[in-house]
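By written order: A, B, C and D. Residues from 1 in each chain.
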Amino acid sequence: MTVEYIVFGVMFVVALGSSLAMLFAKNAVHAALFLVATQIALAIAFLLQGAFFVAAIQIILYAGAIMVLFLFVIMLLGVDRQEALVEPLPGQRPLAIGLGALLATEILWIAFRGLDLVAAGGGGGEALTGLNRDPGNVKALAGSLFGKYTFPFEATSVLLVVAIVGVMMLARRINALSSGDRVAETDAAREDLVAGRRGAA
Amino acid sequence: MTELPWLDVVIFAPLAVALALGFVPKGRVETLRTAALGGALFVFALSIGMLVSFDAGEAGFQLGTSLSWIPEWGIGYVVGVDGVSLWMIMLTAFLTPLSVLASWSIVERVKPFFIFMLVLESALIGVFAALDMFLFYLFWEASLVPMYFLIGIWGYEKRIYAAMKFFLFTLAGSLLMLAAIIFLYFSAAGEPTFDYQSLLGTPLTLGTQRLLFLAFFAAFAVKVPLVPLHTWLPDAHTEAPTAGSVMLAAVLLKLGAYGLIRFAIPLFPDAAREMTPLIMTLAIIGILYGALVALVQKDLKRLIAYSSVAHLGFVVLGIFVGSIEGMSGGILQMLNHGLSTGALFMLVGALYDRRHTRLIADFGGLAKSVPVMAGVFLLVALSSLGLPALNGFVGEFLILLGMYTRYSWWVIPAAFGIVLAAVYLLWAYQRVFHGEPATKENRGLSDLGMREIAMLAPVVALIVTIGVYPKPFLDRINPSAEQLVTRMRRCSVDGTTGASIPEACGGGAGAGNVAEAP
Amino acid sequence: MSIDPSYYLALAGLMFAIGVVGTLTRRNAIVIFMFIELMLNAVNLIFVTFARMWGNVDGQVLVFFVLVVAAAEAVVGLAIILVIARRRETSNVDDISMLKW
Amino acid sequence: MKAFDPVLAPYIVALPLIGALGLLLLGRRLRAVAGLVASATVGVGFVLGVIVLVQMLGVTEKGGHGREAVVRVWEWISAGSFSVNVDLLVDPLSMVMVLVVTGVGTLIHVYSIGYMHDDPRYSRFFGYMNLFVASMLLLVLADNLLLLYVGWEGVGLCSYLLIGFWFERRAAAGAAKKAFIVNRVGDFSFLIGIFVLSVTVSSLTVSSINEAAGGMTAGIATTAALLLFGGATGKSAQIPLYVWLPDAMEGPTPVSALIHAATMVTAGVYMVARFSPVFEASGGLALGVVAWIGALTALWAALMAAAEYDIKRVLAYSTISQLGYMFLALGVRAYSIAIFHLVTHAFFKALMFLGAGSIMHSLDGEVDMRNMSGLRKVMPITAFTFMTGWLAISGIIPFSGFFSKDAILASAWHQGRYALWAIGAGTALLTAFYMSRLYFRIFEGDLKVPEGVHVHESPPSMVGALIPLGVLSVVGGVINLPGLLTLDHFLEPVVGESEVPSGFTPWILGAIALLAGIAGIAFARTLYLLPGGATRRAALCERFKTPVDAARNKFWVDEIYGRGIVLPGKAFASFCANVIDARLVDGAVNGGGRVVAGAGWLFRRAQSGYVRSYALTFLFGVVVIFSLLVFRVAL
């Protein structure tokens, strides 16, 4: 039990701390790294709650694949870009912080005071532990995913395919543009380019 | 022997012609015109067939077709005609070829123009024939679109403003009606349905009736138009091309009056009865106000447009007085107004083609240079101001008589409108046609050509015919009018709510020879 | 007895709020994206926590879907950012304000 | 005995109608024969009328009954309980009118052949004239009030068309419009009268209205009668709606003769006589109004006539005045006498108008009597026939006018309406004066014509029409000589017996009337014929400056109507159009549009293009909804 508390404590501090650090990191690379840290911490939180498989893919997919993609893009655009500190939109910052705080307060209130209204019981942690033991976490998950949620699962595959195709299209345009006039300065020039391409096609 | 489904054919034939026009190359203007004219004439011939197979003595709906369309929602394709819609359809089918003839001066975008004309005809006939609320609303809104484009593309200087105004006014009204239709759909007795004849039996409390009636009334009052919802009309009429003005004045305005007759009153008779004094007041104000404003117009088309406000005031009076004479007169007057005002717009269009102006001040002494046109104009103007032995008189007289039988002294301000009609029409006539032609342009005008005579002669013939021998028309109108009035005067809500309605439920107040419907 | 779910939820809530604030205050499009990912992560945590509370794996399944959506979003979003950056030489969202009246 | 069945009656109306349609549609192609065709249709109508009359006289049932018949032509309007047909009523009253209309009409048509000979719209003129005759015949033959109204408005229309026949002249166009509109005001009243009767009687036929009249309450009968009379004041140019008739003289002179003297303007008289039971049923009030309006109009118009210089306008005022006499007769229940005066007046007034036309024809349209004199020497026939008319209207025995006018005055006296009688007698004097003034100034004295005018007697077709009318003016009185009362007896089944004073009184009354006429002529003679007349005139005018001025200015009635009704009406109309419509209603509409546009202008500021602003708004919405959820749970 104590170990769990300690692990939880560390996880809590790391997750929250890195999130906050993200907020103040000037460099995008730093922010990305802090995000990775947060995600690893979250993976531990998943483990603590008996979601083993999810914890694994959290690290592999999120911290691994997606964050690498982020870093890749950051590198592609230039690492050394810094954000200006001045906020150009009036009232944006205080309003955002204020509303964010309000939102956090409300969520906290629910977490500590209104939870019984959100979750009306069920088996609780013991039931999950039982499930994790009997068919095993992955098997239980698979059963649910491919049984009850087959259709949504297939739908997500469509989503992914669409996303892939879309990205390919976007990328192709970049290539087509890069091969000719790399950067179209004005909208008009861009229009011309597009028109020219249509004509060629 | 199986009869041709005349009504359905008449509804969709113009659409078919429009479709066929779509295949004519747009450069072949002559072909387009001839084809459009031929198509419109063909539709008119079909409508004659419909008229012949119509049984004059029958009050209910005839020549009907009833098909299930979207059964899940109780929507059907239900059409049929009675004595009211019959003449409205005839009027539409009659005036479309004439409007096409009046559009020879259209030289730009000829093809879409005629397509829009024919689509408009189809939609208008559909409105008059539809007996399913959904179908009705569909046609109702469909008629708006071609008209919008006719004004907006082929109109005069301020056409965009006018088209927008026309569209927004009518749309604002009809959206309220849509809400009411949907409400009605859900409150139908039994299965929710859009079928008009089933909806007639819908039990509604007086309070509901009142709200629904007002919603319907809003749509129809804009279209009629009743003061103070009329200001779209002078703009739309003035800016529309000749054919557009003709169709607007002759048929589109009738949609409002027709809607009142067909839907607002029969569906909510108690509310209609309750609001009669209010509506009659509005109608009388419309008669006097329209006439007064027409008096001082500088633009000939605007003048005629305002005269429509006054005339439609008479129609609404006739519809609401709740006597058979009034109802028959109102229905006949719808037809009459369509003919006379349509002809007036054709004539002004012909004048515009010659002089490229519509301002009264620019004319003068035209009777000398264009005597035939002056004669026809005078005849039509006289019909419009209700000269006996011409059509306008028969309708106006029946309306006022029907009004007198039930609301005796209200007739005085209404009848005074007839005096004012003489004032503004004759004054305008004097300024346009009388006197010595002041300018060179006015002296050298050419008189009506064969095409123009061909488009005016049928109207003039009908104007005289209805005035001298209205029997064939009234014979077909009367049974339906009687049925409508019976329904309007019968109490439909139960005794407790009905007790508060003035002169309801007692049976036969006023000139009570209304037979209870069997 | 393991740790009360409320704490997990509290953590998720705070992270979500941080994500919101970050999204609204940062101007670099990539960073904004990262904050969106942060919010998604917070939601994932909530799902997992609820899965434990209910004693089934449905919540965990939902994390899958979130993941997929997040992945797709990241891919498409980053591609768009790339295109924009190549066209307009910027990844500052305030510089991309052409889409208005 | 065979029943009276006037099958020819519809053709009397149809013939001129066909003539009118033919002439108006075929127009110039018929120019050569237009006058002949038109005259022929009316002339044949007259012959048919005579045939029908003979048939009618052949029916000798007791008391003259059985002399009326209804000819159904077709069913006209029917809706609900209301129905009217196109039916013609042939009875003694309508036949008298038919004969006057067609008879005088034929002569005037013939006259017009010469008068209008050079007009470019020659055939159209005859088309209109024929249409007028048809409408008038429909009016007098109508069996129901509505059909009568058709004729009533029809003649009004023809009057409009013919007054405005020379529409190039502004005055003519204006006068035409004025005539139509003033008549419309009267018709408005008439129409409401029709409604009242229609609802009360639930039928509009003459017989049912007159039968039901006895059972009407006095209130209804009075209302109906006065409303009908309101129509008559318009058509027959009585106070207060007489203003159109003097202006109507802008039309061609034959028109003035036929429409504005002989026939159309008497429609009101005919109508009142036709519905006399309704007027009777009103218990005196309506008849009193009719009588007083008639008497006052007679006097009022005579005063204006005495101050007028335009020949045709003098005749127009005289017509108004004589119509006043007819209404006076109607008002004292002497219906047949009114019709009698109507007939004689038709003869002599048509005659004088045609005479005036003859003068204008030879003087190039000159109408101011100050610019001419002594025409008797060059236009003997015109002068002689005009003289018969002058003596007839002045009430000189044995000319026709004497008998009819005397009968009216005698009836007024007999009814004990001495005030009316006095006005009538005074007007008789005035009439004799102004007509003598007209005659003396034009025909007597030294020859004087406008410069450059070649004076000549008019062509045969014109004087040919004058002569029969002159004869009729002289002998017209025979149709109702005192003691014989032919017309009275003939009309009795329709309008009832006229009560004629008996004994010595009528002789005295007749003598007074005659004396009034002679006095008027004598007075005019001293002023216009005898040497030194001009100075005496000047002195008289000086002495009665105010009344003479007033009469010369027609008592400013036109101005009063103009300032009091037309101008405020126009101002109000402008107010409606420019303020209510353009500002208020359209202002609201456009205002609505502007509000929407303004709101759009305002709200588009929110559409800044900054994604983060959108996101902030989005967050705001999220927080609001979330708060709502939380608070619902918490509270």
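Note that in this section a residue touches a chain if its C-beta (ideal position, glycine included) is under 8 Å from a C-beta of that chain, and two chains touch if they have at least 3 such contacts.
Given the structure is predicted, the values throughout are model-derived calculations rather than measurements.
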item: Rounded Å distance between chain A and chain D, as computed from the means of their C-alpha atoms; value: 98
item: Rounded Å distance between chain A and chain C, as computed from the means of their C-alpha atoms; value: 4
item: Chain B and chain C: spacing of chain centres that average the CA atoms, whole Å; value: 61
item: Multi-chain contact residues (two or more partners), chain D; value: 610, 612, 616, 619
item: Numbers and ranges of chain A residues touching at least 2 other chains; value: 89, 92, 95-96, 99-100, 103, 110
item: Touch-based graph of the chains, sorted into line, ring, star, complete or other; value: other
item: Which pairs of chains touch, using the document's own definition; value: A-C, A-D, B-D, C-D
item: Contact footprint of chain D on chain A as seen in their complex; value: 89, 92, 95-96, 99-100, 102-103, 106, 109-110, 113-114, 117
item: Of all residues in chain C, those that touch chain D in their complex; value: 20, 23-25, 27, 93-94, 96-101
item: Partner chain C, residues of chain D touching it in the complex; value: 604, 607-612, 615-616, 619
item: Chain D residues within the chain B interface of the complex; value: 24, 74-82, 146, 149-150, 152-154, 157, 160, 164, 167-170, 172-174, 176-177, 180-181, 184-185, 187-188, 191-192, 195-196, 198-199, 569-570, 572-574, 576-578, 580-581, 584-586, 589, 593
item: Contacting residues of chain A [partner chain C, same complex]; value: 1, 4-5, 8, 12, 15-16, 19-20, 22-23, 28, 31-32, 35, 38-39, 42, 45-46, 48-51, 53-54, 57-58, 61-62, 65-66, 69-70, 73-74, 76-77, 81, 83-84, 87-89, 92-93, 95-97, 99-101, 103-104, 107-108, 110-112, 115, 119, 122-128, 130-131, 137, 140-141, 144-145, 148-149, 152-153, 156, 159-160, 162-164, 166-167, 170-171, 173-174, 177-178, 182-184, 187, 190
